[in-house]
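Below is a structure I'd like to ask you about.
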């Protein structure tokens, strides 16, 4: 079904880019020009979700890139789910940023690049073929470089260099994979269940698959390729860390899903015999990420390792190729975005109001900044998977799905991951509430302004809402089941 | 005369070309390099004109006192054009050499390389 | 037979040349008028070439016998799909000339402007002629117009070093032209004709031989020098870096392509005659291209001077084109041909932006230019777009070429070169990321950088226009393909496919 | 340096010798060069072009476009020489710094030998024109005998050039040769009289037009030919008077334009 809405959703944030880059507006109008399109984009994204739930597939042929390839937006169920997540978390991060980012010459730059990468991430969600996916994926990867190095400290520049090197190598591998795919199939349009012919040369299919997995794996922080994550997150401004962790790292996992299920298709992946290897890599990612997180003193670094661990579940789910586990993975993608968003928002609040970056300096924060600490605690519990919070729902479905495909190892990894999550998140909570308060640095001790606190609390509240409401219509689970139905035929 | 199947006139042309090339490459003085270039150019012109000649031929001017066979007129026209091009290149090169001399006080590559 | 625009073919060449001859006379009272005059002449030329291209699109390739003589009897001009390259070329000139109006203020006194613009016009006219001529000797003469004006344009900006760079360029260029003349003479002696199509026919009758191959080798070396392929690139970096920026844009973006277009012409002759073994030559081209990519990028990484960096990146990009040609599969050749356009566009963007920055701040090294994005945001943005584009990241003009050439590598069963291309581009990004870091994320070290102002609109307009074209041609990558695809299909029968 | 140069020369020489060795023998009447287009020119040239000197016929008619571009090339050389910075003119303010660090070029910025010191050694009488006495070129040590002879012969040499120009269609000669001789007269006069007096032979107002006169005349003739025959640079085959007139216009323009350009290049080079 042809529809303008996907294009509108993708293009809306550009209004903000234009307003802060070129306009000579007063600050109030600038903020309006940023917030209104972001709200509108969220509205459109939810509208599209409704559309997709009604069984339609909005698509928009934007431009003809080459005689045979279009830049095309087509929203299927996973795309709609991811797109709505991006829009929502993007809006929260945007509002949060108004309080967090200092006024000055870099203010405009930050918001311009934030909105531009917002646009491109929406594009990744709604991409209808691999080429479109790649274009938006590379574009936001490059644009976010400016956000990673935003602080312009030497560490930030170093982290930025590491980030861009990893991401570009990954992007090039993805490009190589796409080229091979195009060469093999003559087409790049996503088809639920895959479009690559099973009788193509096995060597080339394998080569392309590993190009994709390694390429997207860099972004998805699969373990040997995760090097940029723990450096980039602490260096970046907190609201951007939230977006980076919540939806941008997820873009890598989303790419792996797309490739495995929309390009190759489950039967072909099984036939290629790559799934067990992927399972191993993903399990290692989950466990190692979590183990490394325990040792980190820098809170944002700890959260970054947690992201590595949590994103491993998505790849793990892909590798198991079961319908239930994929539904769980998609739900987890959404839930994790808001959980990790909340955690980073809280970390940012502590940095902002008292300059505290290290876990051991958080002592006594529970009393001084009760709302922040409460939000953090909620999200931490959600991340561990305590019912009835959202994290529990996603892990429940992951676990159920794993049982469906008899993946005992997967289940073990899932449980171990949850325990380790408790091991690295609960000490933070403990430090905030129960440890004896240390000396107070600076002007610490007051809650942050409402513009920053509100998005944090909203994100935390969503954790509860998603947890309690997950089985009602319109919540992520319904979309995820629609997606799985398309991928695996009837669920 | 064509020993070993070689056309000696052409071989002479190639020899001239090589002499010019050697001057261009091996000499340090920019003017001598330029002269080498000119020698190379001349050799190519000689090649073209040689090729245009025919045994016992007259110049291709159709007036009383000349008779067939005539040398081909095209090579002459080509060489005329070539000479003008060569003159132009030489002029520009000379102007540049004058500038280099005015600025650095030398036109020896060896000395130019040693300048700070 | 042909439409009315076919009549314009010789005039499209002659107009800039005559305009150049008139420039000193037009600008005798007010030297600055010469800039507007050159622009006007180029605009009219652009209209003429647009007409020619429309004729080409409507009715296919056409010929023009000069002096009313039939093709092999007199000189033939031939407007085929490869000649269509002249249109973007002239359009780029039209964009670059306004940039030079103000830029020249710090390069030369007013009284030297008329000869400068005369040279630019001669360069443009020479290149148009080069692209459309169907006669080998005429090709040589046009080469000389282009080369001679390029040598001089390199030297106009300064004394001493500029003259030295120009002289180096002149010596190497003159030898390469001589090789071309020698090869032309040999083909003439062998075939008795100078018309390309005719020569090709007769070579087919002769059926090869050492002399034919030597002529080919001489042509190949000659055009490799003109295109600045790796082992014979030595003239390029200094010449392109030291020339005034609008000239660098012309030289790097367009004049080096003379070598590529010339090579394609010679290929047409030889492969039409079927006297060449394809495989070995193509393989040589592939390797030379790959080496050029790597070495160009390698040298560029160590440069601090932004223009020198851009000059080395030209060598790299010519490597792409040659690699694509050598791969000799349809996609690769299409990619290479598109890159001829797109690289010109991107390099013009980069050189003009770099020129603006140098013009406003007086500095030209990365370490001096830190923080310039703060005071020159639009120019820096153009530079960034150009950088992203030349690395070939989507959705920019450079990506389309990379996409096609790499696809062509798979098509030609040379996957390693495809991967090499995809990752070679990253190598290039190392130095652009250094540039962007310096411009955007480091504090200024010089007051003149911290207080620089944006360029006047006559300079900023072209830069912004070119940068947006880099983006537009990225998302609408199909546009150049409409010209290139038929040309490649023309050529591929000769290409062994 | 030298061994490498010799090696390079050898590397170039071998293929070239191999190439020329396999060419058809050069003076055989049945070589392609004599049987293809060349033969047709010899056969029909006089009838088609009305010129008895077929070299001129090829130059102006069959391959007239080459000649057009050729005069453009010498104009390019002049433009090039004019566009170069002048030795004595001060550089405009804020000249862009030169690039650093390109390997083979000596690095900039450091103090360089002073141009003045260089000039006093004098390659080609390098003195700025401002210092020059307008009347007599006292800096050029010309013996009175030479001066007298040059002045005496100059008109005759010029006459000879004119003769070459007008006899070009039946004897070896023509516009380019005449241009070279004209320029030689100029240059010789410039050397013995001083450049300013030699330069005065061409009025200032005419110079910009005269130096471009050859391409302009070509364009004009090309246009006339286009109007008359429908082909760019076409000559009406059956009207020998018009053909000859067009040819003469071109020859004269080449001679005058070429002479002026060559002389001007010489004068400009004396920085």
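Order as written gives the chain letters A, B, C and D; numbering starts at 1 within each chain.
In this text, a contact is a pair of C-beta atoms (placed from the backbone, for glycine too) under 8 Å apart; a residue touches a chain by one contact, two chains touch by 3 or more.
All figures in this text were calculated on a predicted structure; none of them were measured in a lab.
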Which chain's C-alpha centroid is most distant from that of chain B?
A
Looking only at C-beta pairs that count as contacts, which pair of chains has more of them, A-C or C-D?
C-D
Note: chain C sits from chain A at a C-alpha centroid distance in Å of 43
Report the inter-chain centroid distance for chain B and chain C in whole angstrom, where each centroid is the mean of the CA atoms.
29
Chain A and chain D have mean C-alpha positions lying a whole-number Å distance apart equal to 71
Note the residues in chain D that touch 2 or more other chains, in rising order.
16, 20-21, 23, 26, 31, 33-34, 37-38, 63, 66, 70, 73, 76-78, 80-81, 84-85, 104, 106, 112
Among the residues of chain C, which are close enough to touch at least two other chains?
137, 141, 144, 148, 151-152, 155, 159-160, 163-164, 182, 188-189, 194
Sequence positions of chain A contacting 2 or more other chains:
none
For each chain, which other chains does it touch, given as pairs?
A-C, B-C, B-D, C-D
Going by the contact rule set out above, which residues of chain D touch chain B in the complex?
1-2, 5-6, 8-9, 12-13, 16-17, 20-21, 23, 25-29, 31, 33-34, 37-38, 41-42, 45-46, 52-55, 57-59, 63, 66-67, 70-71, 73-74, 76-78, 80-81, 84-85, 87, 104, 106-107, 110-115, 117-119, 121, 123-124, 126, 170-172, 176, 258, 262, 265, 268-269, 271
Please give the residue numbers of chain C that touch chain B in the complex, ascending.
137, 141, 144, 148, 151-152, 155, 159-160, 163-164, 166-167, 170-171, 174-175, 177-178, 181-182, 185, 188-189, 194
Taking the touch rule as given, give the residues of chain C at its contact with chain D in the complex, in rising order.
10-11, 14, 17-18, 20-22, 24-25, 28, 64-69, 72-75, 105-109, 112, 114-116, 118-119, 122, 125-126, 129, 135, 137-138, 141-142, 144-145, 148-149, 151-153, 155-165, 168, 182, 186, 188-194, 202, 209-211, 213-215, 217-218, 234, 237-238, 241-242, 244, 303-305, 307-308, 358-359, 362-365
Chain C touches which residues of chain D in the complex?
15-16, 18-24, 26, 31-38, 40, 61-66, 68-70, 72-73, 75-85, 89, 91-102, 104-106, 108, 112, 208-209, 211-212, 215-216, 219, 222, 225, 229-235
Of chain B, residues touching chain C in the complex
17, 21, 24, 30, 33-34, 37, 40-41, 44, 47-48, 51, 74-75, 78, 81-82, 85, 88-89, 92-93, 96-97, 99-100, 102-104, 112
